[in-house]
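Same chain, two partners: chain A is paired with chain B first, then with chain C.
== the complex of A and B ==
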């Protein structure tokens, strides 16, 4: 079966800055692929090239076997793209926005009318479809943003951080919907700042950092690369920066990053056995108020591969 | 090219426009407020709407008498005699007079009293200019004839004969007793059509900047459409608004103020070309500007300045020769000339071919540049 998406050695430069550097991955039909990366890693730039908005300086993209550069219109027909920003006319109602995009996609009038009802239903907004989008809450706007991409039943859904600025309830609703769509056979490319979303929705993950895909595989494969390394979350009252500095000198600690005003995340080979050494390393830089040792997981893999946390 | 994406974009943009209450106020209400106010200030065509002008002159002096006679023959003026310059100045200041003219016997200069800001003062001034110009021409011609050796009687008879002939010619070419420059609504209606069509196009550019800012243009381009379709849709949306604005002013001024626009084909061509230029300017602003707040801050003021140079705020003669010449760098002056020409009887598209040609050239250049710039910058985040 033709893969839903194949991109090879994508390069995008702005001036002398290479923002996307030989990025390549593929998404099989019906597969859910997550792209994880810190701010400015190049996720949105990569997606722009996948959906034909930006021409790559090098490399190629095929969507459902169609080369995006050769036949952009045919390729774009297969894609449902949800941009990172809320791209909707605030002066128009959800229904009017959907009608606009449905027409752009060339949906026949009658089909469009019934599809608008269906997607509004799908994102739980049937009751508010005739209200102006400008009057919506952040969560409702996000859901409408997604509804637009589903109108034409795309084969590949591309979501660029679809839950930013959304209340927890809407987030759960969005994730449920996305999971259900994947269950129905839609292929998915998902980027997020929230590790747990990607863990939940995606079966395969690519980790992108400074324009490069530094790892790619199933969650299990990525975690296996860590070997026996545990993630340790330390909370303390005191100077976290100085404490992290000291912790890095402990034998067996591969990473120590400050994640908040009183928290430090560590990657530690054989976490439990090293706890006493960690506590004494903190010494007088602060008073440790909590320690949590977590089995190797995606968060740990991310820290291992990029040396940073997903959310700054 | 499938037309559907283009119409989708135009429909969505027009709907947005209709829901913009402030924008609609400026398109539907403001032009008429301006037309009525300035139109009344410049004086309508009706008899009771004549401009009151007072003259202080000693009519035993033949030159003074000639000037007064010329002024009295102007149908747009209501000429009164006043006793003193002081009295005239007071009346002008209080707005009872559009202007006052003080002629001192034996002095070659005339004093014109008017307030700079009043449109009626401007209109009166140009009428006085015309009258004085005619008298001066007669005096010049008499002097020239005398210098060439004619006796005073001969010179007088040559000049008055020439004058009769020139008057006959003028009458024939301007068609009856039409004034040489339309006054009142006949002037302010086309002036404000151009002014508002352009200014509101520039204001509408804000909606385009907003579309870029919120990522609508980007997202539309991610749909299975060609870049040209999105471009065309955005341009047509602006053109439709400009055209609707123009049509509204033409129809309403015809119905409400009985403004004669002239040959429909000629007016249609000139107005359509002007709307294309306004569209190009709006697309250019929409593509170049970086924030939606900048568009209304830059666009309309530019539109007003161009309107001013083009004679849309007051007759261009009033602004002086330099400004009037500069005005011809921009579309307003050309369109204004064309519309004023067309408003005269027995004119048509053929009478304004030069103006229409210049406007067409401007439309091609502005639209071309705008589309190239928009194409390049459509995806640039604002």
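== the complex of A and C ==
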């Protein structure tokens, strides 16, 4: 079967800065693919090239077998794109926004009316469809932002951090809907800082850092690369920077990064056995108030691959 | 396939255009800029400058004839007989340059021409000659008339000098040449000042300046489209439009078309209200319409070029404002072109404003038909094509088109 998306060796430079550096991955039909990366990793820039908003300096993109550079119009028909920033007319109602973008997608009037009802339902905004978007809360705007991309029932849905600024309840609702759409056969490209969202929704994950895809595989494959390494979350009162410094010197610790004013994340081979060594390494730089040893997960894989945390 | 694409593109253009127009109507800018402002403009200029109350343009030009020959006499005779200057011009004689200078400074004459002694003879003999002009800053128009007369005289003198020299070279006896020149000189230098701002002496000032303002205003009207384009870019809605399955230029064209349409309505509103309310005469309607149409096209292209270089809506506003004023200034819509230094006057030729003003003067002043303004229409359209091409290239290069 033709993959939903194939991109190869995508490069984008701004001046002498290469912000996307030979990025390549593919998404099979019906597959949910997550692109995980910290701020400035190049996720949005990559997506802009995938949806035909930005011309790559090098490389190619095929959507459903169609080259985006050769036939952008046909390729765009297959894509539902949700931009990272809210892209709506605040002075119009959600319904009016949907109608405008739906017509740009060539949906006939009659069909459009019923689709608008459907997608408003889908994002849980049926009751507020006739209110101006400018009067919406941040989460409602986000949901409308997503609704616009669903109107034409795309084969490939591309979501660029769709849950930023959404309360946990709405986030769960959005994820449920996205999962349901994937269940119905829609292919998905999902970018996020939120590891747990990607873990939940996506079957395959690419990790992107400084413009490069540093790893790509199923969650299990990525975690397997860690070997017997555990993730240890340490909380302490005291000088976290100094403590992290000391922890890095402990045999078996491959990473130790400060993740908050009183928290440190470590990658430790055979985590449990090394706990006493870790505690004594912290020594007088602070008083340890909590230790958590976590099974290898994407967060650990990310730290292992990039030496940094996702959220900063 | 091509046909369905064409159809869907057209309907997308309509969707984009309809959306743009609705939002212009919703925020009230469309009726304001397309109707209210231009009608006000025409009314203000009509009240301030229009009608028959204006004293018609008159100029008194002093003549110092130190030559006493046929040439100065024929210049005056001919000038008084030309269509443009008949009834406008009066000549007053002074014995010498000092007397003329005093008269010009005192305001008795607007300007003066000084023919040096032996002028006619010198020209007849193929040695050329020079007429000088005395001017006063108080009477710029008279100065212009005098100077343009001298320009014509110089051209004639030069032509005759060449002819006489050629005849002499060819071996025609000098006295026969002299005779021949004098006989033909009596037919007089054919003075014509067509195309000069002086011919505007017969154009209603309200029309000249009202039209000039409308020409400038067209930039502002299209500017609202440029601004909305930039706002949409900042809001991300432009990217959303660009992510729709449409040729990339659809968004740009749909919005530009609305700017174009509103600017056309705006210019026609100035024109029609000036004609209907004040009975002003703009000349042949088809000619006027074609000129306005060409101008709106050029203005749209220029503003889009400006927008393609702007990063924010405020920047687009600023650029549009700057371009509109500079072009209006150069094009003679704010001060008369002949008040500008020579080099700026030639710069005026790259502005659509200058050409449109010249074309409108031609239509209003001479009562000529559309064929008389084909050159201005072609040039202005050409300016639009160049600017439009550059704009498209700019948009393609940026993240726009």
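As a convention for this text, the second predicted complex is superposed on the first by the 312 of 312 C-alpha atoms of A that agree within 3 Å, B and C clash if a C-alpha of one lies under 4 Å from a C-alpha of the other, contacts with A are read in each partner's own complex, and residues count from 1 in each chain.
Going forward, contacts are C-beta pairs under 8 Å (C-beta built on N, C-alpha and C of every residue); 3 or more make two chains touch, one makes a residue touch a chain.
Model, not experiment: these values are computed from the prediction.
Asks: Putting chain B and chain C onto chain A via the overlay, clash or fit?
Replies: Here chain B and chain C cannot both sit on chain A without a clash.
Asks: If we overlay the two complexes on their shared chain A, which of chain B and chain C does A:104 touch? Say first, second, both or neither.
Replies: both
Asks: Touching A:74, do we find chain B (first), chain C (second), both, or neither?
Replies: both
Asks: Identify the partner contact of A:42: answer first if only chain B is touched, second if only chain C is, both if each is, neither if none is.
Replies: Once the two structures are laid over each other on A, A:42 reaches no partner at all.
Asks: After lining up the shared chain so the two structures overlap, which partner does A:91 touch, if you call chain B first and chain C second: first, second, both or neither?
Replies: In the superposition, A:91 touches chain B and chain C alike.
Asks: Could you say whether A:53 touches chain B, chain C, both of them, or neither, answering first, second, both or neither?
Replies: Both partners, chain B and chain C.
Asks: In the superposed model, where does chain C crash into chain B, at 130-138, 148-156, 166-174 or 382-390?
Replies: Here chain C runs into chain B along 382-390, and the other listed stretches stay clear.
Asks: Where on chain A do chain B and chain C both make contact?
Replies: 51-54, 73-74, 76-77, 79, 81, 83, 85-89, 91, 100-101, 103-106, 148
Asks: For the complex, which residues does chain A have touching chain C?
Replies: Per the touch definition, chain A meets chain C at residues 48, 51-54, 72-74, 76-77, 79, 81, 83, 85-89, 91, 100-101, 103-106, 148.
Asks: Given the complex with chain A, which residues does chain B contribute to the contact?
Replies: 2, 4-5, 7-9, 11-12, 15-16, 19-20, 211, 214-216, 218-226, 379
Asks: Contact residues on chain C for chain A in the complex?
Replies: Its residues touching chain A are 5, 8, 11-12, 15-16, 19, 23, 26-27, 235-237, 239-248, 399.
Asks: Under the stated contact criterion, what part of chain A meets chain B in this complex?
Replies: Listed in rising order, the residues of chain A that touch chain B are 51-54, 73-74, 76-77, 79, 81, 83, 85-92, 96, 99-101, 103-106, 148.
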